[in-house]
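Shown next, in structure tokens, is the structure this report addresses.
Per-chain residue numbering starts at 1, and chain names A, B and C are given in the order in which the chains are listed.
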Amino acid sequence: MDDSTKQVLRQIIRRIPLNKLQNMLSKWEHLSKKQLRSLEFTQPKWLLCDNLLSICEENDLSMKHVTELEIIYRIDHPAQGSWNVCQLIDPEEEAVTADLLHFKQLFKAHLRGLISHVSVKTKKHEDGAIWIRIAWGDNFTQPNHLKPTYVVHHLQTPYVFVSGLTMKHKPLLHQALVLSAHYGGIKDVHLSGRCLTALRDLLMRQYKQVFPVKHPRLLLERSPLPSNPNIQMEHAKHAENRLQMAAEAFGEGILPKLETAVYKLETRFRENGNGMLGRREEPFRGVVKFASSNLLESLKYCVSSGMASAPVTPLLSSITQKGRNYFVITDKGPGASHTPGPNI
Amino acid sequence: METRLSATATPRNQTAPHRSSKSYGFSRRSLGVELTSRLGCTPGQLTAVRIPTNRGIPKPRNITEQVDPEHIALIVKKEWKLSYVTPLYQFGHTQLQSYSRQLAAFLAAEKQQGVAVEVGQELGFKVVFTAVLGLAETDDDAETVLIQIHSKSAFAAEGEAAKLTWSGWLSCVSGDVEYLRSMPPDFTCLPLFGASGAESLTTLVKSWFERTFDCYFGPLAINSTNLEWLAALWTGCHPDTNIRYLKLAWTIPAQPPLDVSYTVHPQDAWELWNSIRQESGLRDTVDIEEVSCFIKGLESHLFRHFRIYLSAGTLTKVSTTLGSAHQDGKIRITSSDMMTSVLALLTECALLKMPV
Amino acid sequence: MSLLKPLNKLPELNTANVLLVENEELFQKKLADAIVLLENNVNVIVRLARSLPLPLESRPRIDLVVFIVHLNSEQSLLSAEASLKHLDSSYFLGKVCFLVTGARCGTLPYERLTSLKKLAATLNSPLLMTEDRTTEGVNTVAQRVLAVLRVAAGLVPMATGLYLSSLTRCTVPTDPDWQNQD
């Protein structure tokens, strides 16, 4: 084991919380049962780490094995960083029939063709997704394993989830993906968040959606009714409408966990009366960011509680309907007030 | 007078403790008294200090000529947690050296008792009290006092210099003249306290002050009206100093809570502010109406896009490159040019909490 | 615009109707439950609304309108102000009262409470400070609202809402500064 391998292992151990470490190490399967038992998980982490390092040295483990531990941990705990989503476009015929092994081989080959020093490791997840860990180097330096890029792709879907990618490596990754998945191109869908499954659910509409109906009677049962016959709601119907509207815009039940939505406003200053900046033609520039531990849930609450006025603006409902959370809003085009955003 | 942020309309009445009824531009903080006597509600805090509804236009100015730049450097850029302090009994600016020794001894004694600290962390303390001369705006303001605590960790190498682990200050800038003059002779009013450093040390310093000068510390929140003042104050500076951005943050009480932040392009923010100022005829003073018109304008611009009532929530933070202020009483002043204006505003907030 | 009028319907026997208006709909249910539980002698009917005007439906005569204002939200005050326009002026002869929550909170702008007090004072209506977080607080305010309601509904002999409100209405401090305002 060389120094850089040790350094990478130390970093991985540092990231894994102590209470999850034992489980992770046993999943890793590179330590014997006896060795695993010899580790004391009540020890301080630095001491534990030293002991682990000496065992790994004994077993003659290499960087390849060490990164495997990281990939296992990352698959189990994907919410370690921000994920961005890309969409592959213009599928070729082979795209439909692509199989995992073939994709893996092609991807590695293509990427190595584009850049000389790169280390790629893949792992198939139980749900069929392929996880790719890429450590980038360049023509003169060895791959940097301390800052890897993670790519998650479900074959037969056009979506690719990427975490920890720098601008420098973006074109390389994109090219390798397009070539190996047999697509014509790739574009950014302007969706990002920490929760990988939420992004996937949002894009593939795997949450309970609500559609406009004529008689939304079902919702009434869910709205809390007064417990006493002497208490009467004057605005029960309004409340019901708001609930229905909120559900139509943001869905129902457990909603995908998005954290933020960002709107870059380049619209004219609009304000009720007073004529502030009235004659100004140039856009009033600003960035609005909505943040919450569960954004869709918060927005839904705003609508259903009346903190947002009805009807739900297309700007907010676009998050679910278009599956993105970065928008550039301009005044261009009659009616539609938002246009697709540029590359971030 | 323009350079002074507040109290431009305060009658400069030397002797009379009662205000002349001609004073304008102020509204008295409302008291829950008339009702409470009949229905038994708890009254709020009673105070006779009034809330200004207009202020002079703050002009950025270079205070480095009056104040030691080293002192300014110690105050700018750090984030301070604010408290208000009731007037100090028998506090003397001439005694600072003796206070340094007393506080150091007090800290050491408290630490050795093992109260509320990590064991074996800091043993030796060096405390420095400094008077920051020149920050006071009027003759009635007491000079600002800066407190620095240097300490050595137990594991520090031999001969290693003690590190600055905590700093704090007590200040009074453009305090309400009438209130300051009504103070009994033994009291010094330094109503604004900022602390930066370990919470445990803040607590100890506060308790030393409370014991030594018979005063009381309480948390100082910056309410949305004052945050709006600060936003307007900073935006107004844009032609002189580039503010880079104006960022306003609200929290909407949804479930889970929703944070909305709006970062406005500095030039556009200034043009909006300027158009409001133009409309009201560019007087020497800024009215609260203009300030709230500015914020309402921004809020309604957002409402037109997102149809969310920001007024259902609270404004929690405003920031520009010149500084930032948070509702819970955390401030950061990055530009010394605007320091007196901001401190004057905060002094005023603190004075509202003073007992009468 | 449909004005809500206090006297366009006959009262029902031994019945009092109270309307709780609260934009946030957070506190009114709790308060309504407390009011209904507290009163045994009279048939108290609590109606809950977000704002006025009310939907066009037939409803019995409303004896007391209570506006609940949360000081932590500007919207709460704005909404109450807007709703007031839909009340007939004869309601302000002792059939309106304001409940305020959160007045203790240190981070609130003082101006909000001041403007609410001015509002209540100009409308000759009482303003009750309320603690909405504790059961005790809710019960206390329920008792107070009930006391006003009984009078306003004419269930207390020898007392009228107008008479009570002349005693309980919110008044502005008799301070020279205050009177110089506006």
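Keep in mind that, in the parts below, contacts are C-beta pairs under 8 Å (C-beta built on N, C-alpha and C of every residue); 3 or more make two chains touch, one makes a residue touch a chain.
Chain by chain, the UniProt names read as follows: A = Centromere protein N; B = Centromere protein L; C = Centromere protein M.
These numbers were taken from a predicted model, which means no experiment stands behind them.
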A-C compared against B-C, more contacting pairs: B-C
Closest chain to the centre of mass proxy, which here is the mean CA position: B
Rounded Å distance between subunit A and subunit B, as computed from the means of their C-alpha atoms: 41
Chain centre separation (subunit A, subunit C; CA means) in Å: 49
Approximate Å spacing (C-alpha centroids) for the pair subunit B, subunit C: 37
Junction residues of subunit C - those touching two or more other chains: 24, 75
Sequence positions of subunit B contacting 2 or more other chains: 253, 309, 312-313
Touching two or more other chains - residues of subunit A: 305, 307
For the subunit C and subunit B complex, residues of the former touching the latter: 24, 72-76, 78, 103-104, 106-111, 113-114, 117, 126-129, 144, 167-168, 170-173, 175-178, 180-181
Residue numbers on subunit A that touch subunit B, as the complex places them: 263, 265, 267, 269-272, 274, 276-277, 280, 284-295, 297-299, 301-302, 305, 307-310, 312-313, 315-316, 329
Subunit C residues within the subunit A interface of the complex: 19, 23-25, 29, 32-33, 36, 43-50, 54-55, 59, 75
Subunit C-facing residues of subunit B, complex: 19, 21-24, 26-36, 38-39, 41-42, 44, 50-51, 219, 221-226, 253, 288, 309, 311-314, 327-328, 352
Complex interface listing, subunit B residues touching subunit A: 252-265, 268, 271-272, 275-276, 279, 293, 297, 300-309, 312-313
